[in-house]
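Listed next: structures, encoded as structure tokens.
There are two complexes below, and they share chain A, which is joined by chain B in the first and by chain C in the second.
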Partner chain A sequence: MGTPQCITHEHQVLIIGAGGAGLRAAIEAASTGINVGVVCKSLLGKAHTVMAEGGMAASMGNVDDRDNWRVHFADTMRGGQYLNNWRMAEIHARQAGDRVRELEAWGAIFDRTRDGKILQRNFGGHKYPRLAHVGDRTGLEMIRTLQDHGIHQGIEFYMEFTVLEILMDGDRVAGAVGYDREKGRFHIWKAPAIVLATGGIGRAFKITSNSWEYTGDGHALAYRAGAELKDMEFVQFHPTGMVWPPSVRGILVTEGVRGEGGVLRNSQGRRFMFDDIPDLYKNQTASDPEEGWRYVIGDKDAQRPPELLTRDHVARCIVREIREGRGSPHGGVYLDIAWIKEKMRNSEAHIRKKLPSMYHQFKQLAGVDITKDAMEVGPTTHYAMGGVNVDGQTQMSTVKGLFACGEVAAGLHGANRLGGNSLSDLVVFGKLAGEHAVEWAKSHPNPTIDSSQVQSICRAALEPLERSGGESPYEVQARLQDMMQDKVGIVRKESEMAEAIEGIASLRRKAASASVPGNIEYNPGWHTAVDLHNLLVVSEAVARCALDRKESRGAHFRDDYPAKDEAHASHNTIVYRGADGAMVVERREIPAMPKELSDIIKEMG
Partner chain B sequence: MSSKNDAKGKAANTRTVRFNIKRCDGPGQPSRWERFDVPVQSSSAGSGSANVISCLQWIAANPVTIEGRKTTPVSFDCGCLEEVCGACTMVINGQVRQSCSCLMDSCAPNDGDEVTLEPMSKFPVNRDLFVDRSRLFNDLERIRGWVPIDGTYDLGAGPRETPEQQQQRYKLSECMSCGCCLEACPQYTLEPDEKEWDHAFVGAAVISQTRYFNMHATGKELAKQRLDVMSGPGGVSDCGNAQNCVKVCPKEIPLTESIGSVGRQTTIHKIREFFMGR
Partner chain C sequence: MGEQRQATFSVWRGDHQTGKFVDYKTTVSEGMVVLDAIHQIQAESASDLACRWNCKAGKCGSCSAEINGKPRLMCMTRLDILDMTQPVTVEPMRSFPSIRDLVTDVSWNFRVKKRIKPFKPRKPDAEDGTWRMYQADVERVQEFRKCIECFLCQDVCHVLREHHKHDEFAGPRHFVYQAALEMHPLDVEERLGQVKGENAIGYCNITKCCTKVCPEHIAITDNAIIPLKERVNDEFYDPITKLFRIFRARPKAERKD
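So, the complex of A and B:
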């Protein structure tokens, strides 16, 4: 094989990812007149952000004027069990409102209050109604607005491209190398500043609400470039996702179904949630199905049905039923709202009115009429709180010139994320990352590209196409996803995670000898082989961090350490690539909060 | 489990559906047809039915034609898989639509039914069912589909807008640039040559976005420039009034209303220009 040819592009700031965070960073950078390039794996406007429904949290106080940034800050820290980067939580709470108003000025249509202001809705963990929203398609509106706004700013978009590696010039970034998915040609982007905005890692698990693009690319690119990852053990699972047909597996089924009286049953027809009610919640939970129903229809004296216990608990109960062989045919349990016909006349019309989008979703995507039949549901991987360790102010990682924002960055959400805080995260920190990337690029121009580094990256990428008889990358990927789901999923324990770490090592060897038939032009098998390297890095990071945190906190649950432990209350878990190439895990104390912030926590609890 | 399946009395609960797929190896390459037999599980209570995407995923894992020849997996684009992003739009049994929401129970309910998949014909094919929609973005730029704000002044608390006004614009903002309306339009034609894009008909989606931005408090600032484009070559007057667009829009956006509205706006714009100059 000869030397692969590369097409070279030059930008001052290169952004990887075109979801909410990437587009906001690009708009910010381009507004300074600087030359910006955006590389994305899919088409513009199709990034995962479009799937967000609930809304974006900002303490504008339009519905309840007691709300302000201090309350939002305290809520975010409490939700994150105080493992958050407090500076990011502060900046986010202070600036989210401005970012919402800015989106509106750029053309986003938010739902209104009667007197014409932006309407805000209640959401779990937020003390006051705080989520600015656009029906139940807030993410689509955000992407559309940012795309429309960015389209005329002279930003160069590279759609359907995959980035293989970050290029280094000594200890700072020099650019990136990747390929276009259509032709398979290699490209070099020379840039002194790079912003990672690649989203999450959901595809490391078998069942996820995340789109196919979420293979932890940014995490792995940063890690291989020498940056630190933080808090990777914290992965949020939603208890109810669709499980069948395969194309919809993982798609969210809103908590609203249970709020309206939906009950969970196993294959024997038993309402298993009544079998495991934590002591702490005993007196807040209905003692029988009758009381649970009275709660649903608004009886103030009744306690809530056990289906409405915290998300992580419900997810664990569902896992137990499935593991013990009482699951549904496609590996879930039954969520039944149709049963309320026993309790009310015209229940069908009632369900359609209260849950229009869920009715539509099941009807449209799976042909199930939820007013007549039960749904099959199971827990789904939803969000990664962990990610690239960044400076709270500048969003720069521990590698010079490498920035990260949005889901790929860690810090804002700590051990668990509140609903609504991710859309605001994207625009608040997208803007900051864009701003500081420009500053860095201006003061550190003209990095040098090392062409031998480029050549070895391209050659390595082509290897799967030149081999034959190796394992199929699809096969390796499927096994990795199964293993992560089973052993590093919702319920974790030492022995299983240790097995997973060994398993990952063996899959890595298989991935290294994987082979793909066909050529470089739009070859999905080859793309899978490339993504697989990234999935392996993030999977190992999740498993190692989870093994190290010997307690249960936030989204991280250990069967062998089911309680919180003070010893783990004030450190983050950091991983980075050691000198010998192996992954190093390190606990790092969280710096003390300045008094003005700790006073807020004291005041609000 | 359900009585429906018992009635059918088929133990395996599966039927075979034949997929006829129009394939193409790359831009400018000739196309060919390949056929695949896909086992489809009959839906049972609560479990849901397969859809076109899940069948394409099955084919990707088992890329063998009915002649028993091993071939490459069929390429297609997709994103959200819940009819929000529009990426998986293709022509299914002659109808343009999103494949993620096309249920096998509705398009091929019986054993032996056939399903024909083709890429949209109004965009250049990248590969198989995967098309290049760059022209759509070019046209949004052509009509200045944005709100002109340079960030140099304080936005303040933002404007007041009633829920009713919001609802009107809301419907138009639901467009996900999927391309269905363009595929169905007899006036919108395939234009592989980029140089022609600025003269060719923009189609319903882009006309509707023109209306949408002209309704926005600040977006209005560029209304004249938008209407200049709309009254020029490829503008609203190229619409042949076939009204196919509104029938195929998956979001039921009132596209013909938008075309009517932008038509009126351009007429007034031209009259004003005639009497008062630019």
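So, the complex of A and C:
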């Protein structure tokens, strides 16, 4: 093939990803008047953020004025089992409200309270109604608002481009190299500062709410550039994904269903969530169904129903019911919102108003009318708490000039993310990443691009097209997903994870010899082959970190160590690429919290 | 797992110049949607078959195509509503230039949107530095904001599809967008000149084809286009309003109904 030609672009800040985090970072950076480029794999407005349903957490106190940032901070830390970066949890809790109001100023229209303020709804792990929302399509509102605002800020957008690798100038970033999906041409973006906002890793698992985009590209790009990844063992399995028919398995059923009063039942009709309430939440949980309902309708003296416990716990209770033979016919449990007709007139209209896209999703894809019948649901891979290890204040990774925000960054959520804390995460830390990337770019202009590095990246990317007779990349991807689901899924144990690590090594050899027919123009087989390398990196990181954490905490549950262990209570798990190219796992102590923050935790019990 | 059987899909394969329908056989089972069949064909026999998708749940508007000649989202079209005794045809949206297979060049839509004057709120007027808006006042704008930019309405509109007025006419999607801005309780921008002029709402003769294909069930014609046409009429043709415009520059917020 000779030497691949590259088209070169230059920006002061390059942002990889156009979800909520990338767009917010771009808007912030562009507001300083500097030259900003945004690269994304799909069309504008199609990133994962568009799928978010339930809402965006911010302690504005519009519905319950007892709420404030300190309660939100304590809830986030408790949900994360105190492995969170406390500085990020503090910044997030303090700034989320301003970021929500800013979206309103840019044209977003959230649902309203009676007195004309932004309405907030209940969600798991949040003490008070806290999620600003628009029915169950909050992510669409957020991404469209940022998109429609962003296109007028002088930002250059590269739609349907994939970044292959970060380019380095010594120990600092110099730019990125990638290709456009339409024509398959290679591109270089020269930039002194890069913000990763690439989202998650859900495609490493078979049953997932995530799309083809979620191959952990940003995680892998950072890793190969020399950055540290953190908390990779913590993968959130959302308790409620669709289970039937098979083709929709994994598609998300928003927690908003439970926030609006939906209850979980097993095949015997029992509300099994009342059977096991963790100590950390005993005094915050309703003692009977009646109290749970009073909470849903806003009784301030009532505690929340157990369906609104944190996601890790609810997912495990569902797995227990299924394993012990009390599941539904298609291997799930029942989620019932229709029952609220016992409590309110117009319940059907109310459900359609509050959960319109769930109503359509079930009606069209499963033939179930959720205003009349229960849904069948089961856990689905949803969110990566782990990601690039960043400085809590600046969002810079351990590589100079490389920033990360949104789902690809670690820290805010610790061992388990609370629902609604992601959308707010995106805009709070997107803004900060944009701000600090500008600062860095201004003080470190003109990096040098190493063209031999570029050439070898492009040549390697083309290899699958030049080979023939190798394995199909779809086949390798499917095998990896099956293996991760079985061996590094919701319930883990040592022997299986060790097998997975070996399996990943052998799949890596297969991926290295995969071949695809066709040419370089819009060829999804080729794209899958290229993305596989990233998926393998993140799969290995998840498996190795999970193996190292010999306890159960948050989203990480081990059959062989089913309890929490103090020995693991105050460290994060870090991985990075060692000098010999192998993955190094390291435990790192979490610095002690300053007194003003630990006092909040004490006070909130 | 329900009944399994063979079915044939006649899928458009080609690039911006030429193309043809190619038949693929694959096994289908209960509950499958067209996008599942396309993915299966990719995995089994045509790994380079190009299509767009993201959410698989009708939320992102990526997977638009024409199925048996009808503009639809592939991820929301169940096979059991189609006649499976015949080959199912799957082809790209025909109102946009083809890139490859099922993928079309929809960049025109992004350019049109960028020309439309953006949201401009009035000054915050609540004591906390924000605004108050009531649910009843935002409901109709929320209907428009459900749009997932699938561009199926653009695909079906004869002004674009048959008359190729892409240079003069913004298309139903962008009337929905402009209606959302115009009816936004906080917006104070003057946009009707654009709606009438460079976006040429006058070309729309209310055939309602766009409304019929909208997967978000937005009443595009009744709730967005017709009210916009009325506002344009009031603004530019109604002699009394015209007089008003000459003598008194009225703040737009007052005109909100």
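In this section, the second predicted complex is superposed on the first by the 481 of 605 C-alpha atoms of A that agree within 3 Å, B and C clash if a C-alpha of one lies under 4 Å from a C-alpha of the other, contacts with A are read in each partner's own complex, and residues count from 1 in each chain.
Here, a contact is a pair of C-beta atoms (placed from the backbone, for glycine too) under 8 Å apart; a residue touches a chain by one contact, two chains touch by 3 or more.
Please read all numbers here as calculations on a predicted model, not as lab measurements.
Asks: Quick check on the chain A-based superposition: chain B and chain C, clash or fit?
Replies: Clash - chain B and chain C, as placed by superposing on chain A, overlap.
Asks: Looking at the overlay, what does A:31 touch: chain B (first), chain C (second), both, or neither?
Replies: first
Asks: If you stack the two complexes on chain A, which partner ends up touching A:329: first (chain B), second (chain C), both, or neither?
Replies: In the superposition, A:329 contacts chain B only.
Asks: Under the stated touch criterion, which partner chain does A:526 make contact with: chain B (first), chain C (second), both, or neither?
Replies: In the superposition, A:526 contacts chain C only.
Asks: One more residue to check, A:297. First (chain B), second (chain C), both or neither?
Replies: Neither partner.
Asks: Between chain B (first) and chain C (second), which, if any, makes contact with A:567: first, second, both or neither?
Replies: neither
Asks: With the two complexes superposed on chain A, say which partner A:376 touches: chain B (first), chain C (second), both, or neither.
Replies: first
Asks: Looking at the overlay, does A:505 come into contact with chain B only (first), chain C only (second), both, or neither?
Replies: After superposition on chain A, A:505 lies in contact with neither partner.
Asks: Touching A:584 in the superposition: chain B (first), chain C (second), both, neither?
Replies: neither
Asks: Show which residues of chain A both chain B and chain C reach, each in its own complex.
Replies: Looking at chain A, the two contact sets intersect at 42-48, 50-51, 101, 104-107, 109, 111-112, 115-117, 134-135, 137, 139-141, 144, 148-149, 151-152, 159, 182, 211-213, 244-248, 251, 361, 364-366, 474, 517-518, 521-525.
Asks: If we count contacts the way the header does, which residues on chain C are in touch with chain A in the complex?
Replies: Within the complex, chain C touches chain A at residues 1-2, 15, 29-33, 36, 42-43, 47-62, 76, 78, 99-101, 103, 106-107, 110, 113-114, 118-119, 121, 124, 130-135, 138, 141-142, 145-149, 181, 184, 187.
Asks: Mind pulling up the chain B residues that touch chain A in the complex?
Replies: 1-2, 25-27, 41, 43-51, 53-54, 57-58, 60-61, 72-73, 75, 77-87, 100-101, 103, 105-106, 126-127, 130, 133-134, 137, 140-141, 144-147, 149-151, 155-163, 165-166, 169-170, 173-177, 213, 216, 218-219
Asks: Please name which positions on chain A make contact with chain B in the complex.
Replies: Where chain A meets chain B, its residues are 31, 42-48, 50-51, 98, 101-102, 104-107, 109-118, 134-135, 137, 139-141, 144, 148-149, 151-152, 159-160, 182-183, 211-213, 242, 244-248, 251, 328-330, 334, 361-362, 364-368, 373-376, 474, 517-518, 521-525.
Asks: Which residues, counting only chain A, touch chain C once they are in their complex?
Replies: These residues of chain A touch chain C: 42-48, 50-51, 101, 104-107, 109, 111-112, 115-117, 134-135, 137, 139-141, 144, 148-149, 151-152, 159, 182, 211-213, 244-248, 251-252, 357, 360-361, 364-366, 472-475, 478, 516-519, 521-526, 528.
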